[in-house]
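As written, the chain order gives the labels A, B and C, with residue 1 at the start of each chain.
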Amino acid sequence: MTPLLTTKGLSRNFGGLRAVDNVDFALMPGEIRAVIGPNGAGKTTFVSLVSGRIQPSSGMIVFDGADVTGLPAYVRVRRGIAYTFQITSIFANLSAYDNVALPAQRTLSDGRSKGAVKAGVMAALERTGLAERAHTLAGQLSYGHQRLLEVAMGLALKPRLLILDEPTQGLADSEIDNFIALVREIAASATVLLIEHNMPVVMQLADRITVFNAGRILAEGTPEQVRENAAVQEAYLGTAP
Amino acid sequence: MSEASPAKAYGLHLGVIALLFGLSFVLPDYYHGLLARIMVLAVFAMGYNMLFGYVGLLSLGHAMFFGAGLYGAGLAIIQLGWSVPAAFAAGLACGVVLSAIIGLLALRTTGVAFMIVTMMFAQVFYLLILYFAAWTGGDQGQVVPQPARVLTFGATVLDLTNPTVRYMSALALFSVALLITLAIVRSRYGRVLVAIRENEERTKMLGFDTFSNKLSAVVISGTICAASGAAYALLFGYVGSSFASVQYSILPLLWVLLGGAATTLGPLIGTLFMYYVIDITSGYTSAYLLIVGVALILLVLFFPKGILGTIRQRWLGWLP
Amino acid sequence: MHFGPHLLLATLEGLVTSAVLALTALGLSLVFGVMRVVNVAHGEFFMLGAVLAWAISTAVSGHPALGFLAALVIAPLIVGAIALVAERLVLRRLNYNPEATIVATIGMLYIIQQLALTFYGPEARPVEPPFSYRILLPWFGYSGYKLSIIAASALLLTATWLVLTRTRIGLIMRATQYDAETAQAFGIPVGRVYGGVFALGAMLAAIAAVLIVPISQAHYLMGQDPLLLSFIVVIIGGLGSLRGTVVAAVLIGLSDGIISMFFSPTLAKIIATLVVAMVLVFRPQGLFGTASR
């Protein structure tokens, strides 16, 4: 099987700082991959490079067999790379419906009717449990619902790769359980790349885990392998076991 | 916004058009002429609102688009002897070309820089009119000769200097612009424009090419303003550089702020209201600029959503 | 006159323009740098300074220097007070939102201009210079007063620079410019800093106007050109950079005269405006500035 996403020698400098340093990375289709690491390890910079929000200093990104390194972000989204923001970034003054209609109308727009958009929007809202709140202004939703709306917008893009940047941040425990179930469901139709600090969530969800430290990949493997890895423990705890 | 009650929205707009039609038969001469002028200028405000209200791009240079239509149509008749429809088309074409060029350049900037850049391009346009005074008439302006301002359809000859013909032509232009605006605002394209206003970065990450959406909005906005300018030249028969001065970039902003940005009927209400205020106060003072200045400050301070914007927020959520 | 002396004369005249321009543009630049407010009414504060200078100097009898000195002190103070009131009543209530403040300062422009027309009238009126000593050069005589404008401007610019870089007030202003929220958290009264900076910006424009009015004239529309030129200087020099502002003012001041000598004034304005617009489009950090944070 060929990987859905690969990066080769991917680097990004901010001034003198190498936020992402020569990263070779591969992601198989259908996988749920978690990216973990201490603060400032370069995780968000790495996924921003993949989604095209920032340009790499050097290196190459291949998605679905094609070099996408030079493509602007919106073209990558159209090719199937969806990104949900770490800081909730919904359209606060539009209704939840309109928030989801924006991505839905683009993915469904090939000569289809208004009814198709409506069906697509409602499907995404139902999967995230927001259907009853379709006509509430997004800014008036609770924080947990705003995070879900963010995911619904990602779903409506019909992505092949869904990048979730710290999706459970600020969620209550009960909401987290629902969220885990939702990500499992999404993974049935898309590959998921997940940045997450909450280790129980990572351990439950991830097929494989990639550990970042100081802009480089420190370790990679199944949850068990990573848990046993001495280098990972050192990076997190500052001491060798 | 775009889901609720299409019938209600279209009904309201057709009602407004019908009301304006009816007013033609009851208004005294003075107000009849004034309303015709207001309708043409309201189209200018509608074009401005398209960009400022819906996309959130505040231009301080829209006088150049009005001026492009005004001079495009006016000079086509005065210098080239074209017919009325051809001159109107020339005005529109000037608007399309100019707004495409300005859009390509100015959209590389954002926020305050966009405001200053548009103001400077408009200033260049204004100075060019003065520089080529031999052709444009400079700050004296030129009169579009009355015999040229007729529309001929076979045997029917419509004299645009006749008050009723002028009023109905202004109303026709206004109605077309209003219904086009309404259709755009309610379309998927309109939803993308609003999304860009609310959060451009997020809109990009939903897969939209925000630059070309903004560029097309600049062209649509500029073309509507040019249509207003071209109609002004043809209906009122005067082409002058003051219409391209910075003051005519500020006025549509004032009208739109007053009536309510991002409302389809706000530009008409703002233009009407401002003319009404100037009309009453002209009895007491000639300090017309003072009123404009005070109105601008009071609006941004206490009434940033304008008349219709406030009504929509408090009572009529479905208003487009 | 030969080319050399001619060039010297043009350079001197250009330096006088530069001196006045640097002060005016510095006011605009400070207000933008610290408050992120584009003050479109800046040219009107300049005009007010000139009009008040005429009013004050005609009210003071005796030697012209007395009236001029009174104007030099009092006119900027009045203009500063007006600016402070406008800042308190309008800009602060708008939370310094960049777009709302532009619209509001456009409103101020119209109000100040109309009030000047109503109370001062449409005439252009001169102010007598404080002294009329002429310096005799081998080729021509030159007004000592004009040279003193250059000196005064240089003095004021140096003083402003020292205040900004060497004093506690300057430190507070720079801290506010860098990050208003953090400055607030460290106990800096950001609201008062903003009020002070806006008044100071207007006062610099007023001082520049008082200096220039003996060699030009006071008129209610005289604020337009300084506003446009200050915009040009601030944009070319890099928004919010003091050194860039001074360099650009000298450059624009010197070249303004020379361009006008070869082209018609309208064409010169067209070219200058177009060039500046293109600088903003393609090099928004200015020709001398570095990219802002």
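The rule we apply is simple: contacts are C-beta pairs under 8 Å (C-beta built on N, C-alpha and C of every residue); 3 or more make two chains touch, one makes a residue touch a chain.
Nothing here was measured: the structure is a model prediction, and the numbers come from that model.
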Any chain in contact with chain A as well as chain C: B
Identity of the chain that, by mean CA position, is farthest from chain B: A
Inter-chain pair with the most contacting C-beta pairs: B-C
Distance from the mean Cα position of chain C to that of chain A, given in whole angstrom: 51
Distance from chain C to chain B - Cα centre to Cα centre, in angstrom: 35
Between chain A and chain B, centroid-to-centroid distance (C-alpha), Å: 44
In the complex with chain C, residue positions of chain B that touch it: 58, 60, 105-106, 108-109, 111-113, 115-117, 120-121, 123-124, 127-128, 130-131, 250, 253, 257, 287, 289-290, 292-297, 299-301, 304
Residues of chain B defined as touching chain A within the complex: 1-3, 188, 191-192, 194-195, 198-199, 201-210
Chain A residues within the chain B interface of the complex: 51, 53, 72-74, 77-78, 82-83, 85, 89-95, 97-98, 101-103, 105-107, 109, 117, 135, 153, 157
Complex contacts: residues of chain C adjacent to chain B: 36, 38, 90, 93-94, 98-100, 102-104, 106-111, 113-115, 117-118, 228, 231, 235, 264, 266-267, 269-270, 273-274, 276-278, 280-282, 284
